[in-house]
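Next come two complexes built around chain A: one with chain B, the other with chain C.
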Partner chain A sequence: MRKPLVLRHPSILVFLGVLAVFTVAVTVLSAGYGTGAISTSMVKTLGKTLCLALAAVAMDLVWGYAGILSLGQMAFFALGGYMIGMWLMVARTEGIVTGTLANLPIPPTDAEISAAVATQIFGVVGSDKFPLIWAFSGSLWGQLALVVLVPGLLALVFGWLAFRSRVNGVYLSILTQAMTLALALYLFQNDSGLRGNNGLSGLQNIPGLDAVGQEKLSVWFLWASALALGLGYLLIAWVASGKFGSVTRAIRDDEARVRFLGYSVESYKLVVFVLAAVVTAIAGALYYPQAGIINPAELAPIASIYLAVWVAIGGRGRLYGAAIGAVFVSLLSSWFTGGRAPDLNLGFYIVKWVDWWQVMLGLSFVLVTLFAPKGLSGLVDLFEGLRPPRRRGAALGPDMGALREKEAVE
Partner chain B sequence: MTALLEVRGISVSFDGFRAINNLSFEIGECELRAIIGPNGAGKTTFMDIVTGKTRPNEGQVLWGEGSKSLLKMNESQIARAGIGRKFQRPTVFEDQTVSENLTMALSAARGPFSVLRWRPSADSVARVAELAEEVGLADQLARKAGELSHGQKQWLEIGMLLAQDPRLLLVDEPAAGMTLAEREQTTTLLRRLSERHAVVVVEHDMDFVRRLDCKVTVLHEGSVLAEGSLDHVTANPEVIEVYLGRG
Partner chain C sequence: MRLFLLALAFVALALPFVAHAQSPELGAVIAAHRAEIEKPSRGSVGPVVEAIAATGPQGAALLQAWADRMLALRKSDGLLVITSPEDGNLKLTDAATGTDLGTAPEGEVTLLRPNSGVRGVISAALAGNALSDPDPKRRGEALDSLSRRADASQLALLREAMEDPDPALAARKQRLERLLTIQYDTDPKARIAAIESFGGDTGLDFRASLNPLLATRRGAMEEIPADANPARELAVGSDIPRDEAYALLVSEGLAPARLTPEAMRQTLAQHILDGKVGGVPLAQLHEQSARDRAYTALEAVGTVQPAASEAEVDAALDRYKFVDLYAEPKAEVTTAARAALRGTESRIGMMQAADLSLDALSLASIYFLAAIGLAVTFGVMGVINMAHGEFIMMGAYTGYVVQQFIADRTISLIVALPLAFIVTFAAGVALERLVIRHLYKRPLETLLATFGVSIALQQLAKNIFGTQARPLTSPAWLDGALTFNDVVSISYIRIAIFVLALVFLGLYLFIMNRTRLGLEVRAVTQNPAMAASMGISPDRINMLTFGLGSGIAGIAGVAIGLFAKVTSELGSDYIVQSFMTVVVGGVGNIWGTLAGAALIGFLQKGIEWFNPANTLAAQTYMILFIIIFIQFRPRGIIAAKGRAVGA
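Right, the complex of A and B next:
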């Protein structure tokens, strides 16, 4: 009796359509499968951008819908990357080491191979043994499970402690910042078991696929990222629609009232927080093989703040707004900071965008917050003609005289 | 008549100020009761204690046939046990439609995962329409709650309480800020509610209480000063002294 989700919310269909067209277009223009108009590194940048968009969509669920301004989302993103990175590093190093040792007169034992791999990986931090947390690093499925389990469990424990104590608002934001900072500082240590500040590298080389080449691999990852973004978007749109979404938005607007309706606010927040953490972690697991390297700097508090800025600029409370914000701002940011943007000569001063981009971003964040709280996605309303009349408080005329300016929108 | 809610000797103080002082109170099934009292008499604090928002320093709050203590339960558990609350200023979810507001309040499983799987059924749609009819919002279902007038918001909130299907309704100043016509409609609504639910109304306005025509409890400085019909309590010299004398 009910129309399917995508028909009730046509914006989902539009989003998926645009995503599909984008993916096909990039494929046709890529070096691996098409004309080569888009360089392999650009394909990677676009693929990474899709992962960031997925993280932003998850952030929008947490912030825009449930009202939890989490400034630690990138901790989950990076943890997802670390988990997949462990397998990538071990499997690849194993391949190289086996190749070298095969030339010895006596074939090496498994223990010898394992020791050689460990020396190879942990030599930089002065160790030659696998730390305990690498127990599953030999198994792709094991590490894939950890991509979901480790960030999910962290979010569960952190969220349970924070929500149960009814930590709210700015205090919760500070707490999430502290979480990602503490994790980053821990991972910076050499004996944390994840190669300290060296991080994990060489992740762009996928074991067993050396023959494929980066031109094609980059497109494969773009496909995977687009698929993940599409599915993640659908999942979150489904969660945010219907009664669950209704309760979530109600919690954002008046938490105490929701309690008196009989809903356990804490469990709802926890479900939303853990779900978002898991989706973010999957985005991270797809991002870092395209980036090639991950180190603890990725967990810096500023990274999570950027995510919030993207969502704010794109328009929070709308999933496509978050995705638009992430794509727009992160691409613009890599253009400006990549040194390719021409300097602006003002005569008395030369504006170097590499230095001034941050100022621009900060300024536009302030401007958006003050003058366009709906962000970039407010432009969609403009197209649909959903603009509140601007009468500066004057009456709206005889037929709509009873309505306030804001009400007259619908 | 066995009591639905029994409050025994509760006291609570905030920073040394005794907001509730050895208060005892009882209400039976399907009873309509008005609580009156001057500002600071502890009316709202009393509601906060029953609904779990505030914990008393001493005393007992017992609920239902099994005389279960409410003091060990949190707000959402108490709400699920069957106590609904209406706040002084209308608190509806302004960003959502009337029908979404009512659907949220509809009695159904409250856990996150069952809500995630919840789908509107013919029954639920009909129930929402019926509730909207009952509180006079039948033609406003698709409107955002934020667009309703003050009085309509109050009714929507009462409708949401009905949707919860509680056994006891606590209503805080339902007539505040209403026009005369809206007050009369609210009186009728409350009287009709009390046919199937126990209702406690906290109110300032004497005329409104008179129209409710029910047993009245007068609170003063955190304890019960007098109880009985409105005529009985208004004849009480102490009541006249602390309450009516000032008006």
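Right, the complex of A and C next:
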């Protein structure tokens, strides 16, 4: 009888515990359900951060465990947001339009309501008809299914094409980057059917819940995000442990050897890639109702690179590292770029953090890559007294051709 | 307007008879048209002007004065005089005879001030006169004004003045005469001959003269009249949508308007009675069928106009024919014009293809320039340098800074190119020594570390130069374009970039194949350990190679800055395309990079040609194509062979 997952990996319990404590603390301090020490916008920021942490955990599965540096994860994130945004926008506009039309002497027909909604939504891009891709936008369950299906299918097709032809390493990174760029450029067009560069807006108003108010709604979303992060973390930790996880890590370390051992490397990679895409999309579907607006700029290649940056700073190959990195760096970023950080007076020059944060982030990122490949979670190792053996340049293995330590830093 | 043209055409027809029937005396003409001269109107002044013009040079002088607003009536006796300013007074000349009448103060005459429409008519008549002017310059000007605003009346004028001693002007007159013949001649045979005489001419003026002939008007009629010239008959449903066809019938008053849902709702709203409309309760009216019932009930009692039912719509559509009619009534003329236009269009299509190829070539050279540095660092060394785009940006900003110190554009460019190389070479060497050297075994982390450098450099550039675009002005001799004809042209700056790309290709080949450095670079690429055993320092070679690639990026930056705005995002605009150029072309081979750049450049322009309004779509489809292309040739167009592949 094997011990349950959480006992084999105590870090999972610790993570979930911290997450629970955090959620309860924020709830108690929130304006909606507690003292109001934390403003509603801050609650939203924290909720969004949890979604980003979930995306980072998924990124860690792809990169830290399977060795696929995907620079297109945010494409899935934004697609998830778009899918839920379509329903939010239609349902909300429908509510408003029905209210307006009800004042007319004759009650409106369904066709009239639908036409008025379409005019309202697509007026900005010069159209008054629903494009085909909005076919399910009237149904919440339909769009929720699409949140999973569309990014999953995209990942399946893209991954199948890429892995099948054995595109890997930096080529794959560039290819995924090209994918997200292509998608972003496509969505920027007005006739793409998703309102071009206007994107979808007003997503923070949940139809039917107008009476609840944003103070409480933001806490609800925080709960949902925390729940999603907890479940997603468990799922990915489960996948990454056990035999499947071992094979995945083996693929990361030496793909050819795993292939020669008879494993279907492509299938493993594909499963990991699609799973990560779906989890990322769910994170996106929770993120954008809190952000309130989504537009194609969210798919810009740089956003996905930032995701990789967070994971690297947090420490890849460890799920809690990815989550810590995302939370730490994104909160720090919004603090520094929000203009709230005090200026640093060097005497001859006043450092304005709004201007210099990006420079510092870039350089600290270089430093982390060079000197602390384990990232922030390396601190945990330090705390636990785990240290890599100092071989002083000796060979790593017993046989003659073994790599020397200096040659195989990673 | 059409009436006016008709009137003019009539005048043009009548004019030769008037002019030849008698040689009229100017005084008599003035006397006959006195009222018209004093209060001219655009619509009716034509015959008067023609009559005056026909009297000879004195008449021309009168018209010139009239058009210049120098024609006046002497208040004492009402004599028509030509005035010219002299010492604050006016010098008067008898308009009819040209006799000098001495000077008079301005108060003694009433100046005639014709409006601009009238003056247009006058100057057109003058142009006809000027066509035979002894001065070639004036004849040229007259032709210019004629080709700008021609109408039927001038065809006759032009024909009378066809002889010209200057062969160039004679040719122009010939061409203009044929163009006017196409539009205004009354003899269809002459018009067809004129159309055919142009062959496949691609001139804008020829196309402009054909287009009005082929203009069509859409109409509905029961029978096509025998004298009409239909372009084509439209089948309802396939050529013209059903709704549109019926709307045409309605707009021509041939059928009653159909009831739109909106109109039906408004009508129903007007007839609400005790919460019911036509006996149907209001609450049920959110369904179309209920509304139909209510409306039918209203129709039955006669409170509303019956609307056209579907069957009536079908019947009306069956009864009428929908045709595009040429405004030009002669079928043989329109046929000839269409054939000529088709021939012209196919030649223009070929020229457009040529023009597009030039565009694609220049785009390919830009991509090649941006990617060639990457071909060195990524292609040869296998190092992913995400900061490559920022080196391009650094080069562009170097050019901008140099221009702040050196005013002369040419010299500043000559200084900027090597300086950009030096700056980015130094930056590249520093990056290699400080960061990349430690990550050779970890390519993915090189990617991320250099990305860190990239965002730091971008923000630094923003802090130093601000967010707004900085101009990098090209020297005057690079302004303008090399124009082959109306369609094909290419700007000099693009030619310069093409030449620069060629120079770099040559330079790269020379360095790699003919110098000690190139030999050592190739040795280190193939087998660093073996190269080290031969006394080559791989560290030094890697540093120099990386510096070289970065330096080339800097020079590319100056070139790109000449036509693009220099911003801190300049580099990131090119980085993905540059990587794709190298990947598509095949890593480690400069010819591959060239092929990749050509493929991407031509592809992008080709897709843009299909959908010119949408360059975003072009880029999307291009990237999709590349993703699919990589499936079939994962190692690029020109794949590296041998043991280097796995490395």
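We take it that the second predicted complex is superposed on the first by the 387 of 410 C-alpha atoms of A that agree within 3 Å, B and C clash if a C-alpha of one lies under 4 Å from a C-alpha of the other, contacts with A are read in each partner's own complex, and residues count from 1 in each chain.
Keep this in mind: a contact is a pair of C-beta atoms (placed from the backbone, for glycine too) under 8 Å apart; a residue touches a chain by one contact, two chains touch by 3 or more.
What you see is a predicted model, and the numbers here were worked out from it, not measured in a lab.
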| item | value |
| --- | --- |
| Clash-or-fit label for the pair chain B, chain C on chain A | fit |
| Vertex chain A; arms to chain B and chain C (CA centroids, nearest 10 degrees) | 100 |
| Partner chain(s) touched by A:Asp128 [first = chain B, second = chain C, both, neither] | neither |
| Superposition-derived comparison: chain B or chain C, residues of chain A touched | C |
| Which of chain B and chain C A:Asp343 touches, first, second, both or neither | neither |
| Which superposed partner A:Val167 touches (first chain B, second chain C, both, neither) | second |
| Which of chain B and chain C A:Leu69 touches, first, second, both or neither | second |
| Partner chain(s) touched by A:Phe365 [first = chain B, second = chain C, both, neither] | second |
| First, second, both or neither for A:Val309, with chain B first and chain C second | second |
| Partner chain in contact with A:Asp210 - chain B first, chain C second, else both or neither | neither |
| Closest approach of chain C to chain B (Cα atoms, Å) | 7 |
| Footprint overlap on chain A, comparing chain B with chain C | 407, 410 |
| Partner chain C, residues of chain A touching it in the complex | 67, 69, 104-112, 158, 161-162, 164-167, 169-171, 173-175, 177-179, 181-183, 185-186, 188-189, 191, 301-302, 305, 308-309, 312, 355-356, 358-366, 369-370, 373, 407-410 |
| Contact footprint of chain A on chain B as seen in their complex | 51, 53, 74-76, 79-80, 84-85, 87, 91, 93-96, 100, 103-105, 110-113, 115-116, 118-120, 122, 144, 147, 160, 164 |
| Parts of chain C lying in touch with chain A, wherever the complex brings them together | 261, 265, 268-269, 272, 277, 282-283, 285-288, 291, 384, 386, 435, 438-439, 441-445, 447-449, 451-460, 462-463, 572, 576, 579-580, 583, 614, 616-617, 619-620, 623-624, 626-628, 630-632, 634 |
| Touching residues on chain A, where the partner in the complex is chain B | 1-2, 239, 242-244, 246-247, 249-250, 253-254, 256-257, 259-265, 267-268, 271, 403, 407, 410 |
